[in-house]
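After this come two complexes, each holding subunit A, first together with subunit B and then together with subunit C.
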Partner chain A sequence: MSYAIQTERLTKHYGDRRVVDSLSLQVLTGSVYGLLGRNGAGKSTLIKMLMGMVRPDAGQAELLGQNIDNLSNCTRARIAYLAEGHPLYGWMSIDDAARFTRSFYPRWNDKLFSQIIEHFELSRCQKYRRLSRGQQAQVSLALAVAPEPELLILDDPTLGLDTVVRRDFLESLIQIIQRQGHTILFSSHILSDVERVAERVGVMVNGVLRVDCPTDTFREQVRKLVLEFSGHPPESPKIPGLVSCRQAGAGLELVLVGYDDAQREAVEALDPRSIAVLDLNLEDAFIEYTRGPRRSLPSFAMENDDAQSTRDQGAA
Partner chain B sequence: MLKALVIKELRESAGVVALALIAMIVVCAELHGIDEIGTPRFLEIRDRFPFVSDDFFSRFALVIFPLAAVLGIKQSAWELGQNSYQFLLHRPVQRSFVFNTKIIVGCGLVFVIGGLAIVAYALRVAIPGSSPTPFLWSMTADEWQIVLCALVVYLGAFLSGIRPAHWFGTRLAPVMTAGGAAFVFSFLSGWLAFIASALVAALYLAGIFYYANDRDY
Partner chain C sequence: MEFQCDPTSRVPIYRQLMDQIRQAVARGRLRPGVRLPSVRTLSRELVVNPNTIARTYTELEREGVLHTRQGLGVFVAAPQADLSAAARRERLATALDRFLTEAFHLGFSADELQSAITKRIRAFQFADSVSNT
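Showing the complex of A and B:
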């Protein structure tokens, strides 16, 4: 079993803030790994560290078995990177960009490049700056895969694309994965994208990799429990695996990782009137998992308040 | 790969270079006795001694120094602003090779534009009867010294563009100090100016390569 990406206690600070915190990650060769996290969770910084764009403060990482501090040009040629926002030179036409990029690589599959460009119905003489955001993403993808890399690292590649273009982009990505057996690491905010493509997900929260498991496992592990109480619900129940607890009137919403017998007993010990266990899809699981502890929801329409308000209005 | 990088740098510098060339043409044309572009009076003998006591030196400096400063900042900071370093710097090529190419192209452009202006003016002055003095190439030494000083300004500007800074003032510190140094060096005698410029240029180059390798993109 070999790993295309391995990091060990990778850490990065911006000022006093630790944006990536002792992150250890392993991505199997030939797998597709989805990196999830809210804005500012540290996904882009992690990817930039892997690509040598940002220097880690501590820890180490290997890509295709070579330390990122001294990646040889030969290894770099086997890695493709799509940066967030698909930066490229606006004055270049698609043909110019292909010529420019090709000059760096020992291998260049011009047939594949042309196929992708034609598939997206792009003209090779169009200037990059005149393309829509979606088309720019398509050109970036074509440029990234034409050197036939073994490892493809994509930083939020579908950010800012509309639903149709996003779907099209992902379909192409899936085809490329199936065709060439790449290892792919990609970050995204859009959970449905990850769900469609990734076999394994990592969830970063405040720079820490909190989850690293198969996509299905993550979806199945995160459970939401809605408890109804006769009286006032307990403020901070002690339950193993509790991610967040939210009070809403006489109800209590708990998000738990796993839901085993020990947790069930702990929940029942709170003596609720009813317990509802809700299944979550990946998006809900992600939201509930990354939202973290929040203050209780305000009660906007309590019976007593309504009565008081009515009395006030009558007096007026 | 080298060819692709050089073409990219030349293409991206084309606007700045075109403006500098126009400015140089205007300077030369005015000193050649062309009142308006297109109405040359080449054989008019002027009162001043070319390269010795005319305005070419100061006007040349007024064009070449801003060219060097703008070109240096454009080549380094513009890519940061466009995020295009993220497209370029992960390619299978050493980072130092990319920055070496940028700097060689930038220095080359400053040298070529400065040199063209000096040569163009010198050729006009060398025409017998066009000026009240004989022409010797050694008369152009001060202008070549300005080109050398402009290279220091260019490197200072490049460092300004690549070096992380908290605010505008500290960001511009290298190019401002380079401007000051170039001004002082332009008054030094030939070899002294050369040695001083080379030393300061070496410092700026060390700074550029340090930040290019060490900074976050």
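Showing the complex of A and C:
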């Protein structure tokens, strides 16, 4: 069993804020890992530390078995990175970008690069800054994939892409996954994409990796319980695995991780009139898990506009 | 056969596909000996991790619905009578009890159920199953 990525208590502060907090994670070689988290949770900083663009304040990390502090050029040539926002030099043509990128890698599959470019109906002489956002993303992907890297690290690769381009991108990713032994780590906000391709997910909350498990497990373990009470619902119920608790009318909405006998007993001990246990899909599980305790918006007061206006006209 | 997957469902994708294949076999749309698409082909068509497709096929093979022929692919298995008649009847009784319980809670009478079942069997287009007592 080998790991393409291994981190041990990786930490980064900005001022007195812990942007990445003692993060330990392992990604098995040949697997696809989805890194999830709300904006500002620390995903990009973690990825930048792995790529050597940000220096950690504490902790260690290894890529393809080598410490990130002294990655050999040989190892670097087996890793490709797609940065957030697909930055590239605007003045470069697609062909310039290809020649620039391939100079860093001993292995370059130009046929594959051409295939991807042609599939998206681009020509090599087009200048990068003239391309649309979606086209830039596609070029970025082609550049990341052509060196046939063993490890592909993608930071929010579908940010700002339209639905169709996102699907195209995902299809390209599937083709890469089908080549055995390639490892992919990607961060994303599109949970349905993650459900399709990631075998394992990690969820970062305020710099901490709070979840690290198979995608199915995360989805199955997060449950929403809707409790109705005859009287006043309890304020802060003590239930093992409780993520959040929200008052909803005369009831409570609880979000739990797991639902074993101990938890069931604790819920029943609150003496609710009824208990409804809801399974969630991946997106809802993620939302409920990362939403925070007091996130329901206050309901907007609706005015009866018709009644008001006739009255006003009369007054005028 | 057209496969579909819904990545926004509460049901994991591999189980959605398993249900679709099982149903297609039950309805005779996938006949014994028919070859299923390769893992690569299906994962590309559905835009889903190939491991998910592999898991679908593995689980169905374990259930005896599919079987792999080395180098040739994954095929629909011939219906096997590997359970004794008594075991099969017992399993059916359990499944029926579950169904009848739900039907009761939905408020149906025994007579209504009889005709509903008859109609449904006709619409389902039951495939030829292993003829056994």
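Note that in this section the second predicted complex is superposed on the first by the 292 of 316 C-alpha atoms of A that agree within 3 Å, B and C clash if a C-alpha of one lies under 4 Å from a C-alpha of the other, contacts with A are read in each partner's own complex, and residues count from 1 in each chain.
The working rule: a residue touches a chain if its C-beta (ideal position, glycine included) is under 8 Å from a C-beta of that chain, and two chains touch if they have at least 3 such contacts.
These figures come from a predicted structure and were not determined experimentally.
Peer 1: Are subunit B and subunit C a fit on subunit A, or do they clash, once the structures share the same frame?
Peer 2: Because the two structures are overlaid on the shared chain, the partners are seen to fit without clashing.
Peer 1: Could you tell me if A:Leu88 is touching subunit B, subunit C, both of them or neither one (first, second, both, neither)?
Peer 2: A:Leu88: touches subunit B, not subunit C.
Peer 1: Mind working out whether A:Glu171 is in touch with subunit B, subunit C, both or neither, as first, second, both or neither?
Peer 2: A:Glu171 sits against subunit C, while subunit B stays out of touch.
Peer 1: Identify the partner contact of A:Ser192: answer first if only subunit B is touched, second if only subunit C is, both if each is, neither if none is.
Peer 2: Second partner only.
Peer 1: Taking the superposition on A as described, I'd like to know which of subunit B and subunit C A:Ala98 touches: first, second, both or neither.
Peer 2: neither
Peer 1: In the superposed arrangement, which partner chain does A:Glu283 touch: subunit B (first), subunit C (second), both, or neither?
Peer 2: Second partner only.
Peer 1: Please compute the subunit B to subunit A to subunit C angle from C-alpha centroids in the superposed arrangement, rounded to the nearest 10 degrees.
Peer 2: Computed angle, apex subunit A: 140 degrees.
Peer 1: Does subunit B (first) or subunit C (second) touch A:Val267, or do both, or does neither?
Peer 2: Neither: A:Val267 stays clear of subunit B and subunit C.
Peer 1: Using the touch definition from the top, say if A:Leu227 reaches subunit B (first), subunit C (second), both or neither.
Peer 2: The answer is neither, since A:Leu227 touches no partner chain.
Peer 1: Pick out the closest CA atoms of subunit B and subunit C after fitting on chain A and give their distance in Å.
Peer 2: 28
Peer 1: Residue by residue on subunit A, keep only those touching subunit B in one complex and subunit C in the other, then list them.
Peer 2: Shared contact residues on subunit A (touching subunit B in one complex, subunit C in the other): none at all.
Peer 1: Mind pulling up the subunit C residues that touch subunit A in the complex?
Peer 2: 5, 7-10, 12-13, 40, 43-44, 47-51
Peer 1: Show me the residue ranges of subunit A that touch subunit B in the complex, using the header's touch definition.
Peer 2: Answer in residue numbers: 48, 51-55, 73-74, 76-77, 79, 81, 83, 85, 87-91, 99-101, 103-105.
Peer 1: Which residues of subunit B touch subunit A in their complex?
Peer 2: Where subunit B meets subunit A, its residues are 1, 3-4, 8, 11-12, 82-87, 89-94, 214-217.
Peer 1: Residue numbers of subunit A touching subunit C in their complex, please.
Peer 2: 32, 167, 170-171, 174-175, 177-178, 191-193, 195-199, 216, 219, 279-283
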